[in-house]
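Next up, some structures in structure tokens.
Look at the two complexes coming up: subunit A is in both, with subunit B in one and subunit C in the other.
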Partner chain A sequence: MTTTSLAAEAALSPRTDSGGTPTVRSKGRIDPTYYWMVVPVLALFAFFITLPALVGVFFSLTNYAGYGDWKFIGLSNYVNIFKDPAVLQSYIFTFVFALTTTVVVNVVALAIALGLNAKIKWRTGIRTVFFIPMVLSALIVSFVFNYLFSNTLPVLAERFGVTPLATSILANENLAWLAIVLVTVWQAAPGATIIYLAGLQSVPAEVYEAADLDGAGSFRQFLSLTLPLILGYLVINVILGFKGFLGTYEIIVGLTGGGPGMATQSVAMRIFSGFTGGDYSYQMANAVIYFLITLLISVIQLRLIQRRGVSL
Partner chain B sequence: MTSPTLTRTAPAATKATARRNRRSSREGFKVNWWLTALMLVASLTVLLPLYFTVAMALKSPDQIGTGTGLAWPSPMNWENFAAAYVATNFPRAFMSTAFVTVLSVLGSLACSSLVAYAIARNWNHRFFRGSFVYLLSAMFIPFPVIILPLIKQTALLGLDNPAGVVFLHVLGGISFNALLYIAFVRSIPVELEESARMDGATTWQVFRKIIFPLLAPMNATVGIFAFLGSWNDFLLPQMMIADPALQTLPVVQMLFQGEFNTNYSLAFASYLMAMAPTLVVYILAQRWVLSGVMRGAVK
Partner chain C sequence: MNASVPASLLSRRSLLRAAGLAGAAAILPLTGCGAGASASKQDGVTTLRFMQNKPEVVDYFNQVIKDFEALNPDIKVIQDFNEGNFVPGLVRNDPPDVVTRGFAQATADFVKKGIFADLAGLPAASTINPEMQELISSWGQYNGTETSALPFSVAAAGVIYNRDIFDANGVAVPTTWDEFVAACETFKAAGIAPIYGTYKDPWTLAQGMFDYVAGGSLDVAEFFTNLTAAGAGISTAAPESFTNNFGPALPKMLQLASYAQNGAASKNYADGNAAFAKGQAAIYLQGPWALSQLVAANPAIRLGTFPLPVTNNPDDTKARVNVDMALSITRNTPNMAAAQRFVSYLLEPDVVNTYNEKNAAFSPLKEAPAVTNPQISGLNDSIKDARYFQGAVTYFPPSVPVNNYIQSFVYGKNGDQFLSALDDEWRRVAERTAV
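And now, the complex of A and B:
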């Protein structure tokens, strides 16, 4: 646009005020336009995001079933949740799943990023392929894998005589969650890979040249150079990933629907069941507890970041 | 053909070129073929499920039979696509998804950039800094926490339709998007604006004529995230849109599971048609999409 001429003009024009900062210092003199830019959005935000949160907390203290009359029952919903084995099971499943997936996603993503960053042929093409899962709907991907797990894999297993896999692993209470981990990794690895690639490219080539001269092998270089230098990116990936995996929903819907039994029901799915299950206020209490737990995790993670001095 | 650096922002351009030259000259004599082979094999983990989807979509129910589903069908059954097109009422679901996606992208671009500009330029003022902290706080509220009351609220307001989903997509993404924009607005020198203001431009005009065009790289990043997030979203449309006829593509796949269970070729043809738009956009604008996402990643 006309930015260059404007810049030239700005350089020539005499500066009236001495401050180089963009802001209007004196509090009274802010252009009302700025308020018009922020206030409508803030109002909508408060109405659609903050208000439901407060309404939810309110109803968690009642016996509201989602319809009809209700009255206050204090904290009994919360008390009951701590005694509910189904809720406890969903928390255990969700945390075990999120932890496992975070570890696997980061190992896989780092490996892919290292591969893409190395001296390989057809880099652009290979990179294109690896990032495809990022643009696909998680639900549809899960439907595709659902068929692979429940039909293709058993047929193959039978053909090669691997009897433990001859029945669908989605129908196996102890193995179904591994299928969910696998599809989640398939879906989430590209996003983490991009962050690692950004990290790897921020490491200057000179560092490796120096290490080459000192005779350090590739593995040694990775452990002593690459890993410490991209630690900040690893922290970001772990934090973003873990938080996202805690709220996992679509992939479970597409693969197991929470089954077999309730073996793969995540906390999010439990909460959503309050929509149709008639235990609206009970699941709202569950949601509040879930919020407090994720908040606690966020605070701990932020503390760790600050201590390590990693800048986001 | 190789381009190791994805980021193409102006200040880093010279450094990037230098690095690229050095690297490609090294590549010239020493390509790691073992690693290339390994990466090719690894990329099969992505390609095989995609191949499988295409192969299944082209099979007749007889060809599926009790096999693995991995064999390529002959003859190919292109009529599966026509059947799925009719069965799921594809054009209607497509239009609904496109409506939600286009408005969400435009809304995200407009709202987030305006908010970010106002906040970044008035950082010293308590109200604007407070607004920033308030918006950021949403990043700590997981969606399942607000969803139940939210659905009731939108239903009461008559927003239990694609328009309501647009509102939530824009507002739900605003914390992250504003964060990206604010960092970028700060890097734009104020002198650019001051001279325009001296010529009598209002704040609106400054934003529209000067700031927004300069935000182009960040607009691309925010736009790509909004596009992918909106097009592929399942949770909000499923929960919010009351009329099944107005449902988006991912939810339609879910709604038709019952019907699909007896006819897998129809199901996979339908999956493929729902995935095609983002896949095609990605393949065509690959470098652009990746650099946009990467900019979001490093911020």
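And now, the complex of A and C:
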């Protein structure tokens, strides 16, 4: 018996089984090749991701500093987290940042995708230019922008008399987060644009021809045809983007380092500070709480997707 | 799928076994590490591992080790300058024999856990200036009496100034706060930025402006001793609180900030070194570590250092010091005798004084010669009279982002909010570490 026939049988079996009670299949065994594909990865994942995560949850119930003696302290770390305004502030910052960035990224990416999908000159060349930010490391991008914000922009602003920009916006506690949004959008928009382009290309040209005959303007076409037809892609972009922006770290490190003051400390930065700060168990408790929150958001989003009939 | 019973169960069990084997294979090498270092004695030659914390002085210690080995043919010393290996070494119960570390909060934690041997019995210990030894013992001693570390190099920080700009404007080194303010006004009137600020790097505000003003206005060590003793009971109203002790220092910080160049908020440490080396300001609130950078950027620059006067009594003026290198022997070393000989050699006047002279630092020996380097000799009197303090920020546990709070204060100028935030942070850390 060859493996191909086994695989074919396995692929067929759900159809033959459907409706009836499950029966013992004498020869319908699953090809071990599939196990060879899944199990090593599963073992590695469990050993390097799941196990450390569980160890982290365990230590969040102790007063472990990362080294030395420790003992169980129950839920004290969790109670203390809720009393810590610095942690609360990092949550507020992260969520406001993630929401804003998601909206801006999608608006920008959709606009770029519409432009790049139109019949314009040098389309391939322009597309390449737009996708360059995606290839660059976020850390390098943020260091470059750091220099622009701190040195180039103030000099230009001074020369042209734009006083509000004469000092770096990275040094302004109320505006620094906008700089982070800007750089994140610059870096994240190309990825979203690719997904939108794929969506736009899946829309058949006939629907636009029909709309033209009916006399619909281009804005009406966008609102009534394009947007509903690429809604699935929009949902995917929003969900993937929001999830990614909640974990924002390296762009902030490169731009402000969490400053000025405490203005741009993201949750991920607070958690990571536990490793260097001898505050391991406390920030582990923070990580567990953050994990539960993101899990909740993901579940809600998945329910929304299923209702929309889109699958990831 | 559950229906396909016996064969798949069997394979599942064998899979589990395979996973178990893989896990064991991953753990085995880790346990194997511990056995590696025991073979430190071969052919009557003892091998010592020496971990030092400053990668930039590897060459100096290579020479020292060569000289030491020539005098002690029965000992071989291996230098390791990667300080990051220290904690993993402790975890594996295989730390280096002799260690140098910068002495502050983190090293004090190791002392409290009894990681280091008692060095009080070494003859070299009695050659150390007791005031400098106090910089280490003030952090707490193991068993209340032990000497866990001996200072090797003490870095002293003050105000770096550009001698040419001072001379050109007829300004002498100020010895009181009023003179300092007058000097700044003179520079300002002459169109020179009095102070170069690099606020974008919050640590520069912390070690410079904050530590200098705090150290000059109050007894930092005593303040933190009282604060720690108060523990989790601290509130903003308590007599030990930041609010009740640091208040008078804050207006002076803001006054210093007002003398910084325009746009200080968007400059970092590297920008500051480049600009100050070009003579763009008269005063730079930085420690000796900036000196070599400044000279590298402009070899012709003439620099000096003076301690920042914070009151109008010149006798109150103090320098900020930190024990840049402190020598320790790990408690469980199998080569205690050899390690002691090596530490004694490192503390011979020739070795320790030459090191500090080369690296713009102060020797901890009682009989240390006066520093002649004009870049730091302005701090000689403060060091000689033991008028110095360890920076207030070095007492904070690393989980309190004190540098960011200081930056926030300098930008927002809200002193009450700043000090009550420090009180709150300190109380929260005390609460969760007390349990």
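We take it that the second predicted complex is superposed on the first by the 273 of 312 C-alpha atoms of A that agree within 3 Å, B and C clash if a C-alpha of one lies under 4 Å from a C-alpha of the other, contacts with A are read in each partner's own complex, and residues count from 1 in each chain.
Following the convention adopted for this analysis, a contact is a pair of C-beta atoms (placed from the backbone, for glycine too) under 8 Å apart; a residue touches a chain by one contact, two chains touch by 3 or more.
Here the structure is a predicted model, which is why all the values come from computation and not from measurement.
Contacts of A:239 after superposition on the shared chain: neither subunit B nor subunit C is touched.
Of the two partners, subunit B and subunit C, it is B that touches more residues of subunit A.
Looking at the shared chain after the overlay, A:181 reaches neither subunit B nor subunit C. Of the two partner chains placed by superposition, A:252 touches none, neither subunit B nor subunit C. Of the two partner chains, subunit B is the only one that A:136 touches; subunit C does not reach it.
By the touch criterion defined above, A:98 reaches neither subunit B nor subunit C.
In the superposed model, A:112 makes contact with subunit B only, not with subunit C. After overlaying the two complexes on the shared chain, residue contacts for A:230 are found with neither subunit B nor subunit C. After overlaying the two complexes on the shared chain, residue contacts for A:274 are found with subunit B and with subunit C alike. By the document's definition of touching, both partners, subunit B and subunit C, reach A:151. Within subunit A, the residues touching subunit B in one complex and subunit C in the other are 22-25, 30, 35, 151, 274. Residue ranges on subunit A touching subunit B, taken from their complex, read 1, 3, 6-7, 9-11, 13, 20-25, 27, 30-31, 33-35, 37-38, 41-42, 44-45, 48-49, 51-53, 55-56, 59, 112, 115-124, 126-141, 143-145, 147-148, 151-152, 155-156, 186, 191, 194-195, 197-198, 201-202, 205, 243, 246-247, 249-250, 253, 267-268, 271-272, 274-275, 280, 283-284, 287-288, 290-291, 294-295, 298.
Taken in their complex, subunit A has these residues touching subunit C: 22-25, 28-30, 32, 35, 39, 43, 46-47, 63, 67-69, 73, 76-77, 80, 83-86, 149-151, 154, 166-168, 170-171, 173, 257-263, 265, 273-274, 276-279, 282. Within the complex formed with subunit A, the subunit C residues making contact are 1-5, 7-8, 11, 15, 19, 22-23, 26, 87, 90-91, 106, 109, 113, 199-200, 202, 263, 265-268, 397-399, 401, 404-405, 407-408, 411-412, 424-425, 428-429, 431-433, 435. Only residues 1-7, 19, 22-23, 26-27, 30-33, 35-36, 38-40, 42-43, 45-47, 49-50, 52-53, 56, 66-70, 111, 114-115, 117-128, 131, 134-135, 138, 140-151, 153-154, 167-168, 171-172, 174, 189-196, 198, 202-204, 207, 209-210, 213-214, 228, 231-232, 234-235, 239, 249-250, 253-254, 257, 264, 267-268, 271, 274-275, 278-279, 281-283, 286-287, 289-290, 293-294, 297-298 of subunit B touch subunit A when the two sit together in their complex.
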